[in-house]
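Per-chain numbering from 1; labels A, B, C, D and E assigned in written order.
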Amino acid sequence: MNIIHITLGILLGGAILTYFANKISGVVRDLMFISTIVVAAALFFIKMTPDTVAVFNLGGITLSLGMNHLGLLFSIIILGLAVLAGFYSLPYMKGKDNLGFFYMNYLLSIFGMMGIVMSKDLVSFFIFWEIMTWSSYLIVVYNGNKANKIGIKYILFSALGAYSMLMAIVMVYSQLHSFSIADLSAGFTTMPASYQITIALLLITGFAVKAAMMPLHVWAPDAYSNAPMSYTAMFSGALSKMGVYGLVIVFVTMVSHLPQNFWVRETIAWLGAITAGMATIYAIFQDDAKKLLAYSSVAQLGYIITGVAIGTEISMIAALMLSIVHGMFKANFFMVVGAVERQAGTTDLTVLTGLIRKMPWTFFSALMSAIALAGIPPLVGYVGKWMLYESLISNGNYILVIVIFFASTAGFLYVFKILYSIFLGQEEPEFENVKEAPALMVIPMVIIALLLGFFGAFPGYLLKYIDNALVVMGYPVSQGKWWEMTTLFNAWGNKVSTDLIMYTTITVFVTIAIVLFYRWKNGRYVSTKDISLSGEMPKEDENYSFKLDFYKPFERAISPLLRYKISKYYNEFADGMEAFFDWTRRIYNGNAQTYAIYVITFLVILLLIANNIFTV
Amino acid sequence: MDFLIKTLGAIATIIVAFIVGMLYMGINRKITARVQNRVGPPVWQNYIDALKLVSKKTSVHHGVMQHLAPAFLMISSMGTLLFIPILRGQSWFPNLSYHGDLIFILYFMVLGSLGMALGAGQTGNPNAAIGITRGLSQMVGFEIPWVMALVAMMIQYHTTSISDLMAIQQQHGWLMFQNPLAFLAAILAMLGMFRYSPFDIVGAPAELASGPISEFGGKYLGLMMSSGSIFAFTKLTLYVDLFMGGASNIVVLLIETFTLYLIPMLYGLVSPRYRTEQAIRYFWGWPTVLGLAALVYSVVI
Amino acid sequence: MINDKNSQKIVDIIQNFARKHSLFVLAYGTGCGAIEIPPTMTSRYDAERFGIRGAATPRQADVLLITGYLTTKTVKRVIRVYEQMQDPKYVIGFGSCTINGGMYWDSYNTIKVLDRYLPVDIYINGCMPRPEAVIEGFIKLQKKIMEGRAEGAKHYKENLEWYRANQKKVLGPTTPHIQEYNW
Amino acid sequence: MAREKVTTLYLGPQHPGITGNMMVRLKVKGDTIVGARTEVGYLHRGFEKLQERRNWLQAFTILCRFCVPEPDPVEEAYALAVELLEGREVPERAKYIRVLVLEMARIASYLLWYGGQSGSAGLYTMGQWSVGDRNYILDLFEDLTGGRVYHMFIWPGGVRRDLPKGFKDKAMKVMDYLEKRLDDYDTLLFENSIFQKRAKGVGIIDKNKAIEWGVVGPPLRGCGIKSDIRIDDPYEIYGELYEKGVFEVHPYEGGDVWARALVRRFEIRQSIKIIRYVLDNIPSGDFYNKIPNPHKWTLPKGDAYSRVEATRGEIGFFVASDGSNKPRRTHMRGAAYVHAITLLENILIGENVADVSFIMNSLGTCPPEIER
Amino acid sequence: MEEKKAQILEKLQKVFPEISETKNDFPYNRVDLRIEKNKIPAILFYLKDEMGYKHLVHITCVDWLEEGKFEVIFIVWSPVDKIKVFVKTFLDRNNPVMDNVDMIWRQANTYERELREMFGIQFEGLVAPKEFILEDWDDMPPMRRDFDTEAYARKRFFARPGREDARDVRQTIAERTGEEIPDFAKKYSR
């Protein structure tokens, strides 16, 4: 009985108890839910030491779990976000139906994720992966019938990923007669070359689905935007990182030994960059805050995939840094949108307007997340971006830099769009009674916002963990070579001092703010109706906020690019696929029993594998 | 003591930048007037304008973001100034130039635009919002050739530090001759960066009634004007550092920056304004081709 | 230190000097006088010599130049624009029509006496005043500013009720709510 | 009331881009215009009512305020209408002087247009040059009429004054100067690729519908239709001049801003040619067929309508008399009356916000002649 | 030109026997005709579509107060014939209602809005915002003959002293300052 048993046990037990507590009363359920997360997280962070190992026995298969520094890094993201989003979801989900079910799945998906990062063999990895997938699927369809189609898209793509992963596992087992990941990385080079490349590609496919890489991203925007926002914070912030986690392992342990190493890396890096570019462009033209952020998540994951795929030391640091930071600011952004949805009743950017004075704290955290998302110094989003660029440039991927840079610059466009449309612009009477979100929702957001600033000045606190994780993966210690507590280095020895940047920024800002506040009484607040409308009076039925087709000129400029709109073909493809797999729908119809059958089928297959049925 | 000297040096740098930037804008107005067959205002007109704007008795705002917009602008103008070397090999102006590099500068220069955009957005003026969308779109346009030129230089000399680039130019000669393609791409991007005609689409008066700044008056406008002049000097100094090897004393610096400043100014005098999409396509046309050529050149060399 | 009377005087002189030499004129051609503004601003007459330049919106402007007659429909807009301008602000009545109605003395749609509705600092007479006259008017205004006598805005603030009553008389009971003017 | 989703953008009345004191209420989606409505009335002085209260000659003094950039064609239209109504003959010399004045006004107005068109596109140097050079024409006017902007020169029955001494030399000098300058303008504006990019394909008027829609003047000639009141419905000596080949009327195909700009570029040179010819060939004789005491000057009952080609297009003047010494009714039709309202509202749909002011300038919108 | 003018009238009279009064003895290219108000759209359609009078020059109205009538005049022009046709009709001043013609020429819409506002003529089926030029107008339509603009201006606006009697400014100045009006000035003053 060690901390791994305890954590997983608390999470699993908490999930079941929460479901039953719902029958008793809502308060008990909420308490159960939040205490499960908090206790699990607290125990985990206090007690967990790397190299802890645990073994479960499950019907003939031995599931071995363990913790290393890479897993620890990702569990920081998972549990950290889980605590914050857990508190957030209490007021957010208040008054909705079927909450026991929701919270159970919530906890189950955390359970799944924690299992993944602790898995030491492929079977347990796969089992936890599926638990995570199903629980997240059930939350995606939680919002009702409309979500069903979206859920089917999600589960179809996940199944694709799962099947390819399963196939890879079968192939590994057929070669090595072991499920252990350690054995896999040790014995990978002994496999035939064709097996090596096939296994690597299959696993990459499986993980790329979760990480929403470009050809496989189609499910992501819908699924992200349809789950309740308190879960999407987890979904986009942590769950998608499981794909990154898988990719990191694949690239470190397998791809680097491949003879086709270079081409695989380049291809995936380019796919990541194209994901970033295209998803950014789609995000720019979204009119719904959730959709916009969903596409933005896809774009950010594109940077991370590129970083992972390049696979040099600094690019790996960059990718992991970006993973953590993306988890923070994107979770925060989704929470902001959730707060706005709860308070103002909509997330339609063409309807929302002028909430800044109603929801100042929400705006503050949105602003901080936006600056971090755009990668602007002095916030922490900059650190990862900087390292990514440096790695790409020093690695010779010059055109890739330009593509990523384009995506990043175009990112300012949607960042501004979402901030402007929700919080700025005209203050209209229909949002007159909007209030700031409850404290339980605001505090997690503000905490993340402040953390973004803190890590911006002292990125070393995060880089320390990343460094440990890299050492586990076989990279040399990078502290002092690539970073110090407040300084970043590139391949040529040039450096950036983050704390100085932060201090300078704050000094200038505060000085000018004092100048501005001097003789404060000369300034006067006027309402947004008192603007110079060319001398005309504003009319009630006319709209002076600029909302529709926000980036029309940009759209016109890139219209040659948009002509080959991939999503169009994808939609056709997806439609065709849905029609073709019409019978599949009967299986994936959202009915619990069918999923039970699905689960059992997978387990049976696994058991069969375990008992050497498929031995070649 | 060291800290004190640095602080004083930083303040001195900012003051010099303010004075020189304002002076350049005054000279710009004077030259514009001469080209237009006029006498034009005195060169110190801009100082008077700024003083008047700051000494306005009232200034209204529509909320905290508009109130703080000049502060955000100042971060990127003053901050960038502090992170680039002003003079080469001098113990004067000892600022923070050794703690930032090109990619950092690239991003840091955007913060002001974002803050300004938020401030203008809060006014609720539709003209301001349209102006911002134009400005951000245009920024995506000119950043591409600009970053291409920078990457070309980085890979040519294997450094991202501005002071290193300056030192290298001491040995090898000016970068504008070492990699002329990158210089051309950067200069064309500079036209967009300065937002003079034909790229003054953000605040086009005849179209948007001065766009984002249409609700800013009094001290806000005055501070924004000052920030603009500091930023102009900053950008020029950055170009001088990158392509003309920096300057060893202030006179050379003034000559070099002013020569560069003439390019967007004179080009603007005889050009009508582009529409937004035309401007973006312009930047993605020849400047980007030049930038790519510069990349190829620096890889080959 | 600022509160000290003598230093306040010096500050005033500096500020008045700046205000005098930097007049941003709001681009609002209210009447036919607008036709002489382009010549005034362009190459032969070049008002920019004196620091006079155009401003696009009322927030940035110092001088409201009423170029000619004001119809009742325009009066409403002009008042709104004037109240959106920032202190200190000046009004110049341009052309005979602003002084006494000019040739529209019996028109049913134009106001005759501008200073009943807005505080006018300088009148420029003539129909139409030549660019030289316009520049002369501006220089008169500059003198007044330097002497600290161009305090139309203060007068407007102090006699707001009287002005409001006059405005109401022209604009009628359907006068729309004008944004609060309370500083 | 529910708020609309499209953004409303007011272009005017207080806006640097608007031509005069009017307003275009734009409904925009992105920066594409999906609806436009012109609102006028900011300049309505009730001129026609005031003219009814004044006698035939006093009514004339108000006229030049109808359209400020170019007052002379309005005076000409009124004089023509009164002359048609009364049947009064105009001496030959007066006709020449009138043509001289009208063409000078045309040049002045086109020079202002150069400024407006390029200023709305952000090329301020052009405006500074052309508006500055316009002062030379205004100097000539001052010499000739005593007024810089308002001339009140073309009276019913002739013109107010004869040509002053040495006027011909001065005018010829100005024309020489202007011809030189016009080449500079071409270099700066018409050969500028950015201006061409901006102007081509913007604000297109359908050629087949143009006449029905009431398009007149340079915009109609910019649609490729050869139509000019000076040759279709000739007044003064324009018919003769055209037959003698002193000036030409050249339509340009396209119907966009660029074609309209080319029309104006061509016509300003034609005006210089006309002025040269008139100054060279002006006959001697009387310049004024004197009218009786204006207070007792009555016109026969009836109505008349006169048409004059101004720079913006056709200007018409309707006068009705009840036999007394005051007009019963006067009514002016300006080109902008159609151009700035029904035409503008329709061609703006689908255009860019950036081009509104540009298109308005190319149509020659002049609000005072809409609302009078 | 004379024959052409006669032909036009002849052709029109054949199709529209209701034409009550014609006049084509002008010494220039103009033809007049008068018709019942309910035939106006028909004749304008005919002129435009069949006879090539494509260009609507003008729509105006004259208030004949003494006779109690409004005279509405449509002027059309053919670029081919180069002749103006004046189509006139009388409306009852107390009930000025007539048909809307903006489906023939859409710019007629503007003219009709003006006539509706300035004379109070109602065009049946005219779709346009109520206000065109005037804003918040509360008196009778101002272009009617019985509207006294001077009295209205006196009532509504302030007048600068010296101008309220609308007499010669020079006289006022002379009275105020004791100057003599010079003879040449007196000659031209009323």
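In the analysis below, a residue touches a chain if its C-beta (ideal position, glycine included) is under 8 Å from a C-beta of that chain, and two chains touch if they have at least 3 such contacts.
In this text, all values refer to a predicted model and were calculated from it rather than measured experimentally.
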item	value
Any chain that touches chain C and chain B	A, D
Far-end chain from chain E, centres as C-alpha averages	A
Of C-D and A-B, pair with higher C-beta contact tally	A-B
Chain whose average C-alpha position is farthest from chain C's own	A
Mean-CA-position distance for chain D and chain B (Å)	44
Averaged-CA centre spacing for the pair chain E and chain D, given as whole angstrom	21
Inter-centroid spacing, chain D versus chain A (mean Cα positions, whole Å)	64
Gap in Å, rounded to a whole number, between the CA centres of chain E and chain A	72
Where chain E touches two or more other chains, by residue	134-135, 142, 147, 149-150
Numbers and ranges of chain A residues touching at least 2 other chains	524, 526-527, 529-530, 532-536, 544-546, 550-553
Shared-contact residues (touching 2 or more other chains) in chain B	36-38, 56-60, 126, 130, 133-134, 205, 209-210, 214-215, 218, 275-276
Touching pairs among all chains present in the structure	A-B, A-C, A-D, B-C, B-D, C-D, C-E, D-E
Sites on chain C touched by chain D in the complex	26-32, 34-36, 38-39, 42-44, 54, 56-58, 69, 71, 73-74, 77, 81, 103-104, 106-110, 127-128, 130
Residue ranges of chain B touching chain C (in the complex, touch as defined)	29, 33, 36-41, 45, 48-49, 51-53, 55-60, 205, 209-210, 213-218, 221
Contacting residues of chain D [partner chain C, same complex]	13-16, 20-21, 41-46, 49-50, 53, 61-62, 65, 68-69, 112, 115, 127-129, 131-132, 134-135, 138, 148-150, 368
Touching residues (chain side chain D, partner chain A) in the complex	1-8, 10-15, 18, 23, 28-32
Parts of chain B lying in touch with chain D, wherever the complex brings them together	32, 35-38, 126-127, 130, 133-134, 197-198, 200-201, 204-210, 269-276, 278
